[in-house]
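Some structures to go through are shown next.
Okay, so chain A shows up in both of these, paired with chain B first and chain C after.
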Partner chain A sequence: MRVSGQVRVGGQVRVGGQVRVARELLLPAGRALPWRSPAAGAGLGLLILAVPRLTDTEPAPWLALVLLRCAILAHAVGLAFLMDDPARHTTATVPTRRALRTAVRLALITPVTALWWTAALLLVPSHIRPPTGDLTLEAAAVCVLALAAGAAAVRLTDAPAPGVSVAAALLFTAVVAPLLLPDQWALFVPPGDQRWGVAHERWAGVLAGAVVLWGICLPEPLRRGPGALRLRSPCGTSDPSRT
Partner chain B sequence: MIPTVSASGLSLRYGRAQALDDVSLRLTQGVTGLLGPNGAGKTTLLRVLATAVPADRGAFTVLGHDPAAPAGRQELRRGLGYLPQTPGFHPDFTAFEFVDYVAILKELTDRTARHREVRRVLDQVDLAEVRGKRIKKLSGGMRQRVALAAALVGDPGFLVLDEPTVGLDPEQRMRFRELIAQAGEGRTVLLSTHQTEDVAMLCHRVLVMAGGRIRFDGTPAELTARAAGRVWSSTERDPAAKAGWRTGTGSFRNVGSPPDGADLLEPTLEDGYLLTLDGADAEVAA
Partner chain C sequence: MTAVLDETPVATHGTGRRSSWSAALALALFEARRLLLSLPVLLAFAVYVAWIVWQTPDFEDGYPALQDADRAGQSTLLLVGLAVLVCVNQAVLRAKRRDTERHFAVLVLPGPWRTGAHALSLVPVVVLTAVCTLAQFGWSALRSGAVGSGSPGELLVGPLTVLLFGALGVLLARLVASPIAAPLITVVLILMFFVAGGFPAGDGERGLRWLTPVVTEASSQTLPASLLDRPAAWHALYLAGLALTLALLAVLAGGGRGWMLTAATAGAVALAVTGGVLQCAPVGADTRAARERASVSPEKLQTCVRHGSSTYCAFPDWTARTDSWADVVHDVQSSAGGTARTQPLLVRQRIDARYGLTADAAIEPSSTPHQVTVGTAWGGNRVPEFSAAVAAVLVAGDEKAAGSLCDGRMVTVMWLALNRLPHPMTSLRNVRLDDSVTGSAIVLSPTNPMSMTAGQTDVVRELLGRPAGEITPRVRAHWAELTAPKVTTAHVAELLGVAAPKAADKCE
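== the complex of A and B ==
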C-alpha cells in the first residue's frame, strides 16, 4: 500500500553517510546497551577494591595486586555482555555495518570504563599500588579479550545474547590460566618478580591477539569459509512445528 | 517482467544437514508464497536472500545488486525489508522508538523525514494508537506488527516475511493477511508460511520446498490442480489414501490415488501441497 503523499525516502534522506548515522544512533544505542551487566561488573570490581578501606586495613602490596586483578576480571565479565542484542535478528539485514554499530557501543562504554579504571586505581593507596602503566595494559588486554570473545560469539552463533556463555568462558579461563600456564608463559606475576617485564610483553601480545580476533570477527562474512562453525540451523530445522 | 530476485545454485550446509541444495529461482513483483515442512530449508533460503547468512555456493542478485561484494550487499540491504521468524526487540523501547531505531540503521538520517516515515509505517500496520507504548506491554500480535513496521520502513522493494502469522489468533491473522496484501502492491514479497490458506488467498505464485530443494514452482491454481481427481470421499477411511480424515459431516475425505468409481471432491491447495510433498518424499527415498 502506498499512502498518498507518503515520504519517498530514496536518495534524499539516505545521503547521511556513516558519520550522520553514528550521530543519530548514539541516543538509541545508549538506551539499547545492556548497561546492567557492565554496571554490576564495575560495581563489584570497585567493591572488591574498597574492602580494605571499609575494614580499615591496609593490604600488603601483593594483595593489592590480587584485588586489582580481581576487579579487572569483574569488570571484564560485565563487558562480556556488551555485544548482547535482543533485536539482533530484527536488525540483521540493515545497511548500517556491524562495525559501525559496534563502534558506537564502544564510544559509549569507553569513557565510562576509563573513569572506572581511574577510580579503581585511586582506591589503592599510591605507595602499595603496582606499576600503573603495566597494570593498565593488563586491564586493557582482559577487557578487549572479553569484547573480542563477545564479537566471536556473535559471528559464530545465532544467539542474540551470548553474554552469559562468554562471561562463563572468561571466568573459567581466568581461573585455569594461572594454574595451567607454564612458567615460561607466566602472565600473573608480582611486581618484584624478575619476570614482570617479560610477562607484560606477553600481556601486550594478548592485547594484540584480542584486537586481531576482534578485527576478524567484526565484519559480517560475505562467504562462509571451510571452517564455518554454524552447526545448527537458526530456526526452522531445529525447532518443533510452530503451527 | 524483470525479476526482483534472481538466484542460481544456492547451497548451504549446517554440519551434516544440507539446508539448501542447488536452489535456483526468480521472483517478480507480487506476493510469492513459500511452503514446506519443518526442516525443508525455507528459513535458510529466506535468510540467505535477506543476506543474514551467506550461502556456501551459488549466487543471487536482489534489485540488481549482488551481495558478494560489501558495496553490493549494502546497496541490496537499502532496498530490503526483513521480518524474521522470531523477531526480537529492545523491550523498554516504545513502538515508535524501536521503528525509529531501525530507520536510523536503514540510514534515514534526516530526523524530520524519518519521524514522518516512522509514523507512516506505524499507521500502515494500525499501531498509531499505541506508538508511545513500551514494546514489553504490547500483545504478541502487536509486537509482530511492530516488526512488520520495522521491515516496511524505508519503503523497501523486496520484503522477506518468515512465518509472520505464527502464534496469531484468527482475527489477527486476517488483519495480517490484509497488511501483507497491501505490502505486496508494487513490491516483491516472499512469504514463508505453514498456512496454505494464506498462500491460496494472498499469493500469485507458490514455491514448495522439501529437503533443501524447490519441488514445485507455479501458481496456487496449478498446485491445486495437482490434486485434481485425487481427492474423494468415502464412508470408511480408505487404506490406499496418502492421507484421510473424518470430516464434520461424518464422511471421510481421502487424498491419494482414488479407487474406480470413487466419489471425487474438489481439491484444495492443501491437497496439492500434500501430494507434492509425497512425491518429494518418494524421490528422496529413491
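== the complex of A and C ==
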C-alpha cells in the first residue's frame, strides 16, 4: 500500500514537473528547432499554389487538387526534417524524456502548420477548391506520417539527422503509391469520383496508423542492439585506453 | 618494435594533373558503388525491373510494334532518375554533413575535381539503366510477333534522363548546401510530370512540350515508324547537352576554373540549344504529306500478299503478320456456307495518321465490296474484332453495310466470327464494349462498331455453348435464309435449332 501511494505521489510530482519542464523547454526548443527545412517546404508549397494566382490563370478542379496535394507533399518533406536532433547522443541520458521533448517540438510546429494550411486553402479559389474537410484529413495524414517516419528513423537508427532519408522515403512512397496501389485501396482519387468517400475513410486509417506508429517510436530505446548507438565522444576520449 | 625498410622507397609522385585524374577516378568508382547500393536507387531499380518483367510479355498484347516498344519504359525511368537525383545530391553533401570538408582540403583532390568525380560516378548507374532499357526492348524485339523498328534516339532518352537528373543533383548540391534542396526540387519535378501529363498535347505535336525530359503521346495507336516523326535523335542530343551543361556548371560552381572548362561548358550549352531548337521545330511538310498519303491512299505504299484465294495488303513493316490474318479469315470462311466459303476477300491494313500521335482517329468503314479493314495492332481483343469484321463483310457484303446490320444476320455474323476461336465465350465478352455476355451491347471492329440486341446475344450465347459440329451443317444448309436481309432473330434461332428470343429485334 505504501509503495503504491509513494508511486502515485511520485507520479503527480513527475507530471507536475514535466509540465514545468515543458514550459521551460518551450523557448530553447523554439530556438533550437530546425526551422529552415519546414519553412522551405511550407514556402515551396505556398509558391506552388500561388503560381496560378500570380499568372492569373484559373486551374481546372483536378489541377487544383494536384497542386494542393503537391503543396502538402512539399510541406511534409519539410516536416520530415523536424525530428532531426544533432544533439541526440548527448541528450539520450538526460532526465527529460525524448517523448516530452518531441511533444514540445510538436506544440511549436502545430500552430504554424495550421496557419500554413489555412493560407494554402485560401490560395485556391473557393469554387474550384476540393472538399476542405477531406483534404485537411489528407494533409494531416501525410504530415503525421512524415513526423512518424522521422521518429521511427530516430528510434531505429543511430543517425542524428535522418531527415534526408525520411524525406527520400516519403517522396518514394508519394511517387510509387499512386502507381501501384490497387483499385480497391485507392487513396489518390480525383474530386467527384464515387470512391472519394471510401478513399477518405482509408485516409483516416492512414492517419490513425501514423499516430500509432509515432506513439510507439516516441520513447528513447532502453537498449540498443549491437552495432547501433554507441556513445562516443568525437575526439575518442571515452574509449578505453589503448596503452 | 622497429620497422626496417629493405629498400629505399622511390619517390612516386608524378605530375599533379595525372595524380588528380587517378584520384578522381578512384573517388568516382567509390561513389558509383555507394550510389548503386543506396536504398532509394536499389528500390527504384527494383520497381523498374519489376515493371519490365510485368509489362513486357503483355506489351501490345504480345504483338509489339518496336517503334512503340522503344519508348515504353521512359516514364518509369523517371522514378530511377528522381532516386539518383536525391542520392547523388546527398553524396556530394556528405562531406559537409559529416564535417570532413577540411580533411579533404589537405588531400590531393581539389574541390572541382571532387565535383567532377561525383558527376562521373553517375556513369555506372546510367550504363545500368541503358542495359535495363536494352533488355526490355530486346525482349520485345525477340518476340515472334514483333514488327517495325526501334529508334536509337528513343532508347537513349531513358538513360540520358537519369544522367540529367543526376547532374541536376550534383549541381544543386554545389549551389545550395542544404539537404532539403533535393527533396523539394523532386516535389517540383513530380508536379511538373503531373501537369505535363495533364496536357499531353497542349501544344500540338512539337513545340515547347519537347523540353521536358520524357515526352509522352496522347494517342495509343501504332503508326508505321516512318510516319511517327518524333525528333528522338535531336531530343537525345538536347538531353545529353543539358546533362553535360549541368555537370560542367556544377564543376564551375565547385570552384573549377580554366579556359578548357569554360570552352567545354560553352560547347555543352551549344549542343543543348541545337538539340532543343531543332526538336521543337514544327512537323515537316513531307511528313504531313506522307501521313496524308498513308491515310487516304494506303494502296500506294502497301505490299500485297496472296494467301489462298484472298489478298492481304499491309504496310511494309507488317507483311509478316499477314499469315495471322489469313488464319482468321480461313477459320471464318470454313464455317460459312454458300459462295461465302470461297469468296475472295481483300484484307487491307488502314490507318488514320493525319493527326500524328496527338489523337486517336476512328477509321471510316470501306464501301468497297469484299474488302475488310485491319488495323496496326494485333493479339488480344484485336483478333475477335477482326474476325467479326471478316464475318460481317461475308454476310453483309461490305463494311459500310455491316455497320447498319440490325436483324437476325447479326447472329450469323457473331457465330461465324467466334466459333472457331480458342475461347469463344471469352472472345464474345472481349469483343463487346461493355465486356458483358448478356443484354444488348456494342460490338467492336477495326472500323465502325456494330450492335447486338439482347435477344441476339441470347441466341449467340446458346449457339456458342453447342458443339460446332452440330451447328455448322445447319448454317451451311440454311446459308441463303440466314444471310437474307430483314431475317428475324427468331427465325434464325429456329433454323439453327435453338430457343427463339421472346423480344423482337429492336436496334438502339
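The working rule: the second predicted complex is superposed on the first by the 205 of 243 C-alpha atoms of A that agree within 3 Å, B and C clash if a C-alpha of one lies under 4 Å from a C-alpha of the other, contacts with A are read in each partner's own complex, and residues count from 1 in each chain.
The definition used in the following text is that a residue touches a chain if its C-beta (ideal position, glycine included) is under 8 Å from a C-beta of that chain, and two chains touch if they have at least 3 such contacts.
Only a predicted model underlies this, so the values are computations on that prediction, with no experimental measurement involved.
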| item | value |
| --- | --- |
| Touching partner for A:Arg97 - first (chain B), second (chain C), both, neither | first |
| Partner chain(s) touched by A:Gly41 [first = chain B, second = chain C, both, neither] | second |
| Which of chain B and chain C A:His127 touches, first, second, both or neither | neither |
| Which superposed partner A:Pro86 touches (first chain B, second chain C, both, neither) | first |
| Touching partner for A:Ala168 - first (chain B), second (chain C), both, neither | second |
| Winner by number of chain A residues touched, once chain B and chain C are compared | B |
| Partner chain(s) touched by A:Leu25 [first = chain B, second = chain C, both, neither] | first |
| Partner chain(s) touched by A:Ala74 [first = chain B, second = chain C, both, neither] | second |
| Those residues of chain A which chain B touches in one complex and chain C touches in the other | none |
| Parts of chain A lying in touch with chain C, wherever the complex brings them together | 36-37, 40-41, 44, 48, 62-63, 66-67, 70, 73-74, 77-78, 80-81, 161, 163-165, 167-172, 174-176, 180 |
| Interface residues, chain B side, partner chain A - complex | 12, 14-15, 17, 19, 38-44, 47, 50-56, 67-70, 73-75, 77-78, 80, 82-93, 97-98, 100-102, 104-111, 113-114, 116-117, 120, 123-124, 147, 150, 154-155, 162-163, 166-167, 182-183, 185-186, 194-195 |
| Parts of chain C lying in touch with chain A, wherever the complex brings them together | 39-40, 43-44, 47, 79, 82-83, 86-87, 90, 97, 178-184, 186-188, 190-191, 194-195, 198 |
| Chain A residues touching chain B - in the complex, by the definition given at the top | 1-3, 6-10, 12-17, 20-21, 23-25, 28, 31-32, 85-97, 101, 160, 219, 221-224, 228, 230-237, 239-243 |
